[in-house]
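Each of the next two complexes has subunit A plus one more chain, namely subunit B in the first and subunit C in the second.
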Partner chain A sequence: MSVTTEGARRRGAGRGRPLLYTSYAADQAIWNTPAKRVWTLALLVAVLALPFYLDRDLTSLLTTVFVYAIGGIGLNLVTGYAGQVSLGHAFFLGLGAYTAAVFGGEATDDVVGLGLDMAIWLPLAGLVPALVGFAVAPLAARVRGLYLAILTLGLVFIGLHIFNEADSITGGAGVGRAPAEPVLFGVDLTTRFELFGTRVNRDMVYYILCLVVLVVLAVAARNLTRSKWGRAFAAVRDRDVAAEVMGVSLLRTKTLAFTISSFYAGIAGALLSVVVGRISPNTWDLFLSIDFLAVVLIGGVATITGSIMGAAFVVLLPRLVDELSAYLPFISGHTGEGFLSVFQLQTMIFGALIVLFLVLEPRGLYGLWVRVRNYWKAWPFSY
Partner chain B sequence: MTTTEPATRRDWATIPARIAERAALHPGRVCLREKRFGIWQDVTWQQYWANCRLAGYALAALGIGPGDRVAIHSENRPEWLYTDVGAVAIRAITVGLYSTNPAPEIAYLLRDSGAAVLVAEDQEQVDKALEVEAQCPDLRWIVYLEPRGVRAYDHPKLLSWTEFLERGRDHAAAHPELLDRAAAAATPDDVVTLMYTSGTTGPPKGAMLTVRNVDFATRTLIVDGGLYDPPPTDSDVVLSYLPLCHVVERAATEWCNAATGSTVHFAESIDTVQANLREVQPTLFFAVPRIWEKIYAGVEVKMNAASPLKRAVYGFGMRLAARIGDELVRAEGSHTARTRLLYALGYPLLFRSLRDRIGLRKVRVASSGAAPISPDVLRFFFGIGVVISEAYGMTENAAVATANRRGRVKLGTVGQPHSGTELRLDQRTNEILTRHPGNFAGYWRNPGKTAEVLDEDGWLHTGDVGAWVDGSHLKIVDRIKDVIITSGGKNVAPSELENSLKTSPYIKEAVVVGDRRAYLTVLIGIEPDTVGDWAQRARIPYTTYRDLTEKEQVLELVQAVIKQANAKVARVEQIRKFRVIPKELDHDDGELTATQKVKRATLHERFADLVEDMYANRKDRPGGDLVEVHTWTS
Partner chain C sequence: MDELIASVVRGLGIGSTYALLGVGFVIIYRATKVINFAQPALMILGGYFTSLFATRAGLPFPVAVVAAMVAVAAIGALCERVALRPMVGEPPFAAAMVTVGVFIVLLIVAFRLIGTQVLTVGDPWGLSRTSVLGVSVAQVDIAKIVISLVAIGVIGVFLARSRLGLAMRATALDQEVALAQGVDVGRIFGLSWAIAGALAALAGMLIGTASGGIEATTALVALKALPVIILGGLDSIKGSVYAGLLIGVAESLTRTYQPEHAPFLGANFDVVVPYVIMMAVLMVRPYGLFGTPEVQRV
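Our next item is the complex of A and B:
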């Protein structure tokens, strides 16, 4: 069909009729209605403008949210979409962080470092874990459920041991090393500079950088899940035997899920190390894996948007509890004394929330959002 | 063949000529859309005209010439229009058959029209045609559109649409000048279509509409804004869902599209109209009362199942709507400052979303016709901002008679006569008479019946009793044949009572009985969807439709509706008793016409036991009177 037809359609009888699909592409588009397009754009603009109005520590906290979201999306691909419970996510994050540190960090007497540009070390930080994931996947693909959880758990401990022992790469236990240098295309992102009369500091640059990476990776993940491969993931998750009967290769699908998930984890690990500053091998332990599981479970299993919501929740909740503790008498915060410390309270709230979400809203925050949306979408009817 | 006047001096245009003109002006614009495989597929003006031409050549290849009949037996779809326009382009005559027509009726219609080619949609319609093929000596070809199931058939008369077009292509190569010659030879007196009237009494009769009739109707109703005011443009959107063999849908789909360039969307089927409405959001919407009632009932049912907050908002919105509706009725359909204010208040709260859900958010002209509609239903739609104007017309006058104009809408009337239309009431019987260039050329091969409705002076006798309201607006009292004269000598128009009953979402059909009887009674057909839904929520278990009609609570529900309707009329016009029809009425069983109108005579005959039960003061059948109800007496 010619271009003129398309123009005529828009002018004639296409506008203001979001349900009138004249092509499959429009029907399947991620932003298939004008309302979705407008709101997504508005949200993006708001998020972009945010660091100019926030304190540095909050900006940095939100940057952590983006990084967690990237890792969360990675875990959601393998656990939420493909249904392969993985406790080994922390290992891949660590792998990504150290790959970045080796290629992008400065060499010192104790640790190796090549000091390459970010344009090189960031992709490598994804690719190296992806390769390791690819190598481990055939093992993982043979087992499922609890056995897979145990297998990936093993990965974390092996990883911890290696990180602790490989002094020249990680700096060794209790010492750690500096992360990769954020030098992008020769521009050092740590220096301050002026933009439109506003001083832009390091945190803001990191913020924008991580946001861009998140948006790119999130859209890529969303597209992956809508593709043939994404549907294969879901088929394997829902019934692996049935999927195999239908011609979906289990080994290939699970391997792909692991590989891509590890890629996302690697990128997240590398960015996290840059945001945090100094990294010690003990960072990449089981608790970090559980943090990401919480991102997936609270955000919503098998949704990309949910992973971002979950990341925001998991990262911001401790800060929120911290702020609130000043008003709660039974909490021993920085000043007073009570029978609970802030950290204990955080842990308890976390545990309670995971239980509540599993029982009440298995689709997580995203499920809540969908409920709210559908309530208004059907207005004034209920269905 | 002789040309009556030179082509340059024509003050009329055939539909193919109008389409050709549009195709030349805007070849790439979208003209039709049809939903196939989940997507609305575009047909541009260029493609439309090319297909119509091809169909014309193909019909010629099958031996169709000027004056020959081509029957189309299909739901609304582009091929319907291709065949119709193609046939007219070679000066042949189109005969539309309702897809619900059963085989015996097909046999009658094919025989009566003498159609040589039948275009049948799918296996179902092909089967009907093959069943009666032996009775139709004139039928030479059956062209089928959907090959599924028919492919394996081995019959010398069968031809697939693709082969059909292939022959057209060959024919076009051999006789390229055929269409131009036919276009030049066309006269305003060429018959373009036979529209078989639904025939609530007697067998259907084929009304002949000519080029002049269609041209007049197109100008009056569409180009001059008789029905659509302001007149449609090429940014208007139409949903085509009523049968194309009916004059109204043909005007709204084909004539309007050709004359103004509006974009036509074909609904997937009559059952998906509500879903398709939501997608298409037409700007011009014509519906028969049955559809309006169904939309209204659908809103009620869905609101009953909504959450308390939504119900509260709906209740508030409906109170606003009632005020707006009343005021609009008083102001004859034009907004006043008060209605605008109330509407602005209710718009973000309810009206916008409600209109969006029912697919009427973008409607700028809504009209109703073909049967009387209840004022309460109109009031509801007025209230939510959809001002429906009732129009009146019939096949025999190419649907041109009266309509309510913008800002001059009188509830309960069918409006004022169109420009160029002479309309008067017969002095003796008050029968409505119309005269204009749209009056049909007569019934096909039936001069006797033609003479009954078309007198020497050119007046068409419509068979409807009318009355003037305020000297300007016409009100339809009833069909002459349907008026009930009770044994007390009182004249009662049953349709008024029936419509007030049908306002209730629970009543689908109501047939008032009482001719030469002491008092009025009614046969009720319940609406299974809404009553079923109601029964479920009232925790009344039921199995079948029949079982539902025999529940005491359902009978009480019906009784309450009747009491409500009775309150509005004088005592002699009140209904005393009712019985519920134990089955759903159906076209296949001969109880409804193809346009879903009740055939009274058949109904009286078929359910004589129910009628007798009432007048013989027995209680053998489920029903009741105004005091009590009874189910089966054991």
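Our next item is the complex of A and C:
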């Protein structure tokens, strides 16, 4: 086809028919309707403006959302799109965090650190886990389904052991070490500075930084899923035998999925360690992996937007329960005696929600959103 | 030599509880094609109930154990009915995640019940030792091996000989055909969970015996049963027995000899040994030692 796709789309839109696609590329575009384009832009502006109106602790909480979203997108690529269930995500997060700490952290008597710039350690924090993921992938490609889930679970336990033992890198069990120094292009991000007459504190800088990284990586992931490789992922997930018959190499596809997923996990781990501060090796355990699986499942399997929604849900839910618990009589506060502590309630609700989402809405939050969107799209008709 | 034998016996003891837990996983997997991640929580509840019935209610120990097994079996069947039955026909991974949710909820219940205390299960063996072929071994280890193997043997005979066992095997083979032959498949699911719950309760009791006692965090020990079932093959009871014993012994031998002979592997290396063995075996046999290779129709 010699027709320039962009032009064809615009003419359709110009005649008031925004949903008329005259090319495959226009149909597959990320922002394939004007409404999506407008609202995404509006949302981005709102999110950018948010930290200027929020408390510092909420800003920092939202930063954690962005970091979880990055990790969640990574897991969604391998689990949601390529269908390879991985319980080993926490291991790659830890690997990213310690790569960052080694290259970007300061050396002390106990731990090594090179003190490099963030422009160097952040990509490295993705590349090193990606390399490890690349090395592990052929192993993982041999087994399928639940065997794979347990195999990757083994990675978490072996990783925990290594993290606990490698004192000079991780600080050792129970001690931990300081994370990488956030110095970007020679500018120390932890100092306060003035921007357009407004005080910008550390939390806001982290917020903007993580948001930028998230947007870049999310768009990259979305583009990947629209590409030849993304379709190969889906083919492997849906029917691996058929995919292989059609010439999709299982080994290469799975290896790519694991490598990219580990890259995302590494970046998320590095940013998480910077946002949280001091990290103990036991952070990177099975429950962190389950958190990320919950991000994928609650958010929506095989959607990038869903991963971001899921991350927001998983990170903000404990805070919400915390706020609401003041009004529930059977919950003990931080001091008094009650039937359940806040933490126990949070964990229980979390577990119950995983069950509820899987039973009632397997497509997750994104599925709910699609239902709402379709309802209003056709309103006042029911379809 | 004595050290070696003592270590092997200890390994067989702990390995037989892994086998017990593993058989629970396998029974549920065969019936529903789901790995039950809630098994550790069922195990810890089993330990709690045994302790409750034996030490607080003052029941004789065997009665307390059976009562705990019945209680946890009921909890298991209830979980299946509430959380897992709606997942029939969904992809196995989604159902497995549901069991993770159940695990989290039950674990919090266990934390709530047990709190920070260390419970004793009131077992009659304590720390006493006995002499077998001239080597002094803890009675607890002998009890673990005997009780586990007897329990697994009973399950094996039940599956092989009884009508209900036949129905369970039929369901494992093909659910729809079993349904067509008049087997109540839903009840088989519930029964599988109940049996797995009972076995988990027994394992919880055995893990809580002697010096150990039961804490809320003991639940994580049961995760060792995961490499066991993968090593043995997800659908093989025989496999999980052999793999359980193998991993128990390997773990125990590592704990005895590794600090001396291979200190560079770090402290507590025995904790990761099951996973290392599992990965090594999966390289050679992707479906475990006794698992059925999946045949795919094109």
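The rule is short, and it goes like this: the second predicted complex is superposed on the first by the 361 of 383 C-alpha atoms of A that agree within 3 Å, B and C clash if a C-alpha of one lies under 4 Å from a C-alpha of the other, contacts with A are read in each partner's own complex, and residues count from 1 in each chain.
The criterion applied here is as follows: a contact is a pair of C-beta atoms (placed from the backbone, for glycine too) under 8 Å apart; a residue touches a chain by one contact, two chains touch by 3 or more.
These numbers were taken from a predicted model, which means no experiment stands behind them.
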Inquiry  = Looking at A:380 after the superposition, I want to know if it touches subunit B, subunit C, both of them or none. Which is it: first, second, both, neither?
reply    = first
Request  = Tell me which partner A:17 touches in the superposition: subunit B (first), subunit C (second), both or neither.
outcome  = first
Inquiry  = Going by the contact rule stated at the top, is it subunit B or subunit C that touches a larger number of residues on subunit A?
reply    = C
Inquiry  = Looking at A:293 after the superposition, I want to know if it touches subunit B, subunit C, both of them or none. Which is it: first, second, both, neither?
reply    = second
Inquiry  = With both complexes overlaid on chain A, does A:344 touch subunit B (first), subunit C (second), both or neither?
reply    = second
Key: Residues on subunit C engaged by subunit A in the complex (per definition of touch)   = 35, 83, 86-87, 90, 92-98, 100-105, 107-108, 111-112, 223, 226-227, 229-230, 234, 265-269, 271-272, 275-276, 278-279, 282-283, 286-288, 294, 296, 298
Query = Which residues of subunit A touch subunit C in the complex?
reply = 85, 139, 142-147, 149-151, 153-154, 157-158, 161, 164-165, 241-242, 245, 286, 290, 293, 297, 340, 344, 347-348, 350-355, 358-359, 362
Remark   = subunit B contacts subunit A in the complex at 26, 28-30, 33, 38-42, 44, 234-235, 237, 263, 265, 278-281, 302-303, 305-307, 310, 313-314, 317, 350, 353-354, 357, 362
Subunit B partner contacts - residues on subunit A that touch it in the complex = 1-2, 4-5, 8-9, 11-13, 16-17, 19-24, 27, 375, 378-383
